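Sharing a structure below in C-alpha cells format, with a few things to ask.
Every chain is named by a letter (A, B, C and D) in the order it is written, and numbering of its residues begins at 1.
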Amino acid sequence: MATGILLLSCVDQPGIVAAVSDWVWRNGGNIVDVDQHADAADAMFFQRVEFDLEGFRLDRDQIAADFDSVANNFDMSVDVRFSDTRPRTAILSSTTEHCLVDMLARYHSGELGADLVMVASNHPQHEQICSRFQVAFHHLPVGDDPPAQEVALSETLDAAEVEFVVLARYMRILSPEFTQHWANRAINIHHSFLPAFVGANPYRQAHDRGVKLIGATAHYVTADLDQGPIITQDVTPVSHRDDVAALTRRGRSLEVAVLAEAVRAHLEHRVLVWGNRTVLFV
Amino acid sequence: MATGILLLSCVDQPGIVAAVSDWVWRNGGNIVDVDQHADAADAMFFQRVEFDLEGFRLDRDQIAADFDSVANNFDMSVDVRFSDTRPRTAILSSTTEHCLVDMLARYHSGELGADLVMVASNHPQHEQICSRFQVAFHHLPVGDDPPAQEVALSETLDAAEVEFVVLARYMRILSPEFTQHWANRAINIHHSFLPAFVGANPYRQAHDRGVKLIGATAHYVTADLDQGPIITQDVTPVSHRDDVAALTRRGRSLEVAVLAEAVRAHLEHRVLVWGNRTVLFV
Amino acid sequence: MATGILLLSCVDQPGIVAAVSDWVWRNGGNIVDVDQHADAADAMFFQRVEFDLEGFRLDRDQIAADFDSVANNFDMSVDVRFSDTRPRTAILSSTTEHCLVDMLARYHSGELGADLVMVASNHPQHEQICSRFQVAFHHLPVGDDPPAQEVALSETLDAAEVEFVVLARYMRILSPEFTQHWANRAINIHHSFLPAFVGANPYRQAHDRGVKLIGATAHYVTADLDQGPIITQDVTPVSHRDDVAALTRRGRSLEVAVLAEAVRAHLEHRVLVWGNRTVLFV
Amino acid sequence: MATGILLLSCVDQPGIVAAVSDWVWRNGGNIVDVDQHADAADAMFFQRVEFDLEGFRLDRDQIAADFDSVANNFDMSVDVRFSDTRPRTAILSSTTEHCLVDMLARYHSGELGADLVMVASNHPQHEQICSRFQVAFHHLPVGDDPPAQEVALSETLDAAEVEFVVLARYMRILSPEFTQHWANRAINIHHSFLPAFVGANPYRQAHDRGVKLIGATAHYVTADLDQGPIITQDVTPVSHRDDVAALTRRGRSLEVAVLAEAVRAHLEHRVLVWGNRTVLFV
C-alpha cells in the first residue's frame, strides 16, 4: 500500500516532533516510520515521516497545502513524496559497463523503484547490452565540440521527460548549468574513497600512493568535480600485489554495491541534503 | 546537562509518537533525541526518547508516575533512565587480560560512564594490574566446589553494591539463578561471530572449519550459554596462514572494540531487549 | 602471454622450495609468481608456482611427466594448470537471479575467465535473461521425481561437455554421487556467514537470532550440505530495522561479490583444498 | 626457536628464487616461511625468507657476509634480521592516551615483541599511567622553543639507546633531520584514511566533508607530514548522527587496532619499503 513521506528541515526548536506527529494523527494517518536528526553543531532539525495513505483524510494534492499550517510555525523546508512514485530515469555511462549492467539487471528483475527510460553515452559500445534489455540507447559523441554534446544530452533527457539521472561511470565533466539543473536529482559513482583521489584515474592514484584499502563513493552531482554531498561509500582491502588492473577489478563489486545502495536510498526518499552533507535515514 | 531517557515498548498502534512527544512538550521538556522502531513482523513498537531535564516541570522521582497516564493508554513497558547515572560496575575476567585492561584504561581516562568498583576472577593474575589502576580485586578460586565459588561471587557483588556486570573473558559457566538475577544487566564478550562457534575454544573451532573471517560478539548473559541477545558484533579477515595462536592475536583488538561498544550502548541507555534480540538505538 | 601453474602439496620437509625453483630454472623458465604455506599444525606444505611458458624448454604435455622427478622425491600431489585454459562452465540457479545476472554480465564484458556454455534451472524464469545474453538455458523441472531431475541435469552437463559448475543460488540438495563427481569443480554461494545458519532460509534464521551482521560464503560443494571447504566469505552490517526482506536485499551485493571472487580465484588456479579447508593464494 | 630473516629487494630477473633457496639449503637451513612479490610495473623483486637458525651452519654474524655471494649476483639490497631481537622502543604521545595505553597493556601482557624503555610527551598527563606500568616517562614541554624541544627529545632517545619509535598520537611536526634519522624506524598513527584529511583535526575535516566512513592509517614517518609509506589502514562506518566528538570516540578502537597491527608487522620484519609504498608480507 502506498505511503506519503514528508522530508522536513528547519532550525531546531522545541515542539517540532509533537506538532508533526499531531498533524498526521489529526488527519487520520498512521505513522509507519519516522526518523529524525537534531544537528547540535548547526542547530538544525531534520525529519522523515512516512504514513499510510489508506484512511488518510487528505488527498495527495491537498497534503502540501494543509501541512503549511505546521511548516509555517517552524519555518520549515518541506518536501512531500509518495512511495509509489517511479521517476523516469536515465543512465549515463561512458565505456565501463558493470554499473550500467547492474542497473539494467535490477530494472529487469523489477527491483529498481524507477522507470528506466534511456541510456546515453559518449561512446557507442553499450548499444548492444541496452537493446538486449530493451532500453533506448543514445550515442552522443563528443567530437571536437564538448558543449554541443552536453546540449544534445540535455535535449535528449528533456525529450524523454527524465526526472532522475544516474551517472554510472560517465567520464565527462558537466557544466555548472547542467549540474545546477539536476541538483539533488543526479547521482554519480566515483571509484575512490572521497575526498581521496578526486578526478581522473583514481585507481592509478591509489596504487601510486600505496593505500591498503580502495573505495567507492556515490554522491549527488554538483558543479565541483567529485565534491558533491556523499550518500554512500565503502572500501575493500588491497595489497602490494594489486597493480592498477587488479585494483580496477577489485573495485568493480564495490562500485556496483555503493551505487545501487545510493540509488535505492534516493528512490525511497531517505536522503536529505544539508549543505555539502547528507542526512541518510537508513 | 543531564537528560531523562524513556525506553518504551508496546504493541504497535496509531498515535503513540504523538502521545509521547505531547507529554514531553506539556511538561516543558525539549526532546534532544528520539528514535523508534516499529517491528512489522512482531507488530511491536519501541522508542527511546531523550529530553532535557533543565526546565522540565517534573522532578526525577515524579516522572514515572506521571508518565503512567500515557503508558496505560498503550499498555506500555516503561523504563525511566537518567544520563548522569553511573552504575556501580564489576568486571569478571579469568586469565586473558586485554578486555580487562581496556576497561581499566577507559575508566582511568574518564571515558567509561560507570563507576568501576571491583574486579573478580577465578584466577589470581589480574591482581597486579588492578592494583596499578587502584581497583579492588577479588580472587575467587573455583577449586572442587564450583557452586560455592558462584555463591562467593554473588556475595562479593552484593557487598560492593554492584549494579552492572561486564564479563571480560570470564570463562565460567553461570547458573540460571545467577543469570536471571543479572538479566539485562550483565554483558559478555564471546570470541566468535555468534551463533557460529558457541562454547569453548572458538578460535580453535574457527581454524578447524577454515573460515576466512573471525568475529567477536557482545551479548546480554542468559541461562543458555552464548545464546543471549546480541548487542554488537564485528569480524576481521583471516587466512590459511593464521594458526590458532594467530587467530587469537588477531581477535584481540576485535574483542576489545566490540565489548567497549556494547558497554557504551548499555550505559547510554540505547539498548532495548525484545525476546532474544536487541533494538540498538545508535 | 600464457603461464604454467603448479599446485603442489606434500608433507613439509627441508629443500622443497629449492628443488621446485631449481626445476623451473633448469628448464629455462622464469617464475612470475610463487606463494607457499607451511602448515605447522598439520606438518603440510602447499605451493603455487607460476612461470612463463615462453622460452620454457618443455611442451605443455611434457611438464607433468618431467616434474615427476621432483614430485617423487617429496611424495607430492601435483596439479599442472595453464593460465589460458578457459573451462566450459555451467551455472545452476533456481529463482533468485542476481548472482546469475552478475555472472552473465561478467561473461558479456569478457571479464570471466571461462566459457559460459549453459545455464540450468529447476524453474523456467531465467530463460529470458539467458537469451538476452545469448547463453543456452535448460529448464529441468523437478516435479515428483527429484532423482530423475538430477540425472537429467548430469546428462545436460555431460552433453555440453561442462568442466566447471557454479551454483548461483541453486536451491536443490545434490546427491553424494553428483557432488563426488564435481568435487573441487563446483562452487556454491550460501547466503550466510557459514557455519552459522546452515540450510534453508538463512536470512530468516539470521533475523530470528538477532545478529548485527549478515554474511555470504562461497565454498566447494561436498556431500554434506553447506559444509564444504570455504573459499571466500564476507559480511555487511544490519540492524533491528532490517526485516527478512531487508536482509535479503542487503545480502544481494554481498552474495554477488563473494561468489565472483571465489570463481575468479578458482579460475586463476589460486585454490588448494586440504581436508575441509582451503589454501587461498591471493 | 629463533629464526633468521632475509629482507631482499632487487631488479626482477630470472633465477633469484632458486639462488636464494639454494643458499639456505646449502647452509643446512630449513625455510619456515618465504614470501615474495614481483612488481611488474616497476620491474622489481621483493622477498622475505625466514629460516631456522638451529642446525644452520653459519653463525649470526657470518650470515650477511656469506650471503654476499648471492646478493652480488643480483645487485640486491639485503637486510638480515633475527626473530628474537627485541628493539629498545620509545613511545611519543601528546595528550590522547588510548594508543599509548594499548601499547603499555600489550607490553605488560608480554605480547609486544619489543622492550618498551621510555615514553616521552610534550604534555605532563601521561606520567601517572606510565608509572602504573612502570615505564619511564619524560615530559618535554615545547614552550616557546620547538627546535630545542626536539633536540631534548633526540637526546632523551639517544640516552635510552632507543632503536624504534612509535608515535602514538604525537601531535608535533618533526624536522627533516629527525625524520631522516629515524627513517623506516618510526611509525605514526594518523586518525584518517590517508591521503584524505592530512594534517590537523582530521575528524573535524571528515565531519565537515560528510563522509560515511572514518579511517586510521599507520605509516612510517617521513619529512612530509602524513605522506610516509602506509603500513596498515582501516575504516569504520559513521553516519550523520556522529558529531566530531562521536567520530573521535568511534575512531578510538580503530586507531588502536591499526597502530598495533603496523607495529607488530614491523617487529616481525614483515615490511619492506619501496619508494613511498610498502610491501607487507602478512
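The definition used in the following text is that a contact is a pair of C-beta atoms (placed from the backbone, for glycine too) under 8 Å apart; a residue touches a chain by one contact, two chains touch by 3 or more.
Fair warning: this is a prediction, and the values are worked out from it, not measured in the lab.
Peer 1: Name the chain whose C-alpha centroid is farthest from the C-alpha centroid of subunit D.
Peer 2: Relative to subunit D, the chain with the farthest C-alpha centre is A.
Peer 1: Consider the two chain pairs B-D and B-C; indicate the one with the greater count of contacting C-beta pairs.
Peer 2: B-C
Peer 1: Mind checking subunit C against subunit D and telling me if their interface is mostly the same residue numbers on each side, over half, or mostly different?
Peer 2: Over half shared, hence same.
Peer 1: Could you grab the centroid distance between subunit B and subunit D? Build each centroid from C-alpha atoms only and quote it in angstrom.
Peer 2: Their C-alpha centroids are separated by 35 Å.
Peer 1: Taking each chain's centre as the mean position of its Cα atoms, how many Å separate subunit B from subunit C?
Peer 2: 41
Peer 1: Using the touch definition from the top, which residues of subunit A touch two or more other chains?
Peer 2: If we look for residues of subunit A contacting two or more partner chains, we find 239, 241, 282.
Peer 1: Give the list of subunit B residues in touch with subunit D in this complex.
Peer 2: Where subunit B meets subunit D, its residues are 97-98, 101-102, 105, 108-109, 111, 129, 132-133, 239, 241, 249, 252-254, 256-257, 260-261, 264, 282.
Peer 1: Write out the stretch or stretches of subunit D touching subunit A in their complex.
Peer 2: Interface residues on subunit D, with respect to subunit A: 37, 39-41, 46, 193-197, 208-213, 215, 229-235, 239-241, 243-244, 276-280, 282.
Peer 1: For subunit C, which residues count as touching subunit D in their complex?
Peer 2: Residues in contact with subunit D: 14-15, 17-18, 21-22, 24-25, 29-36, 38, 237.
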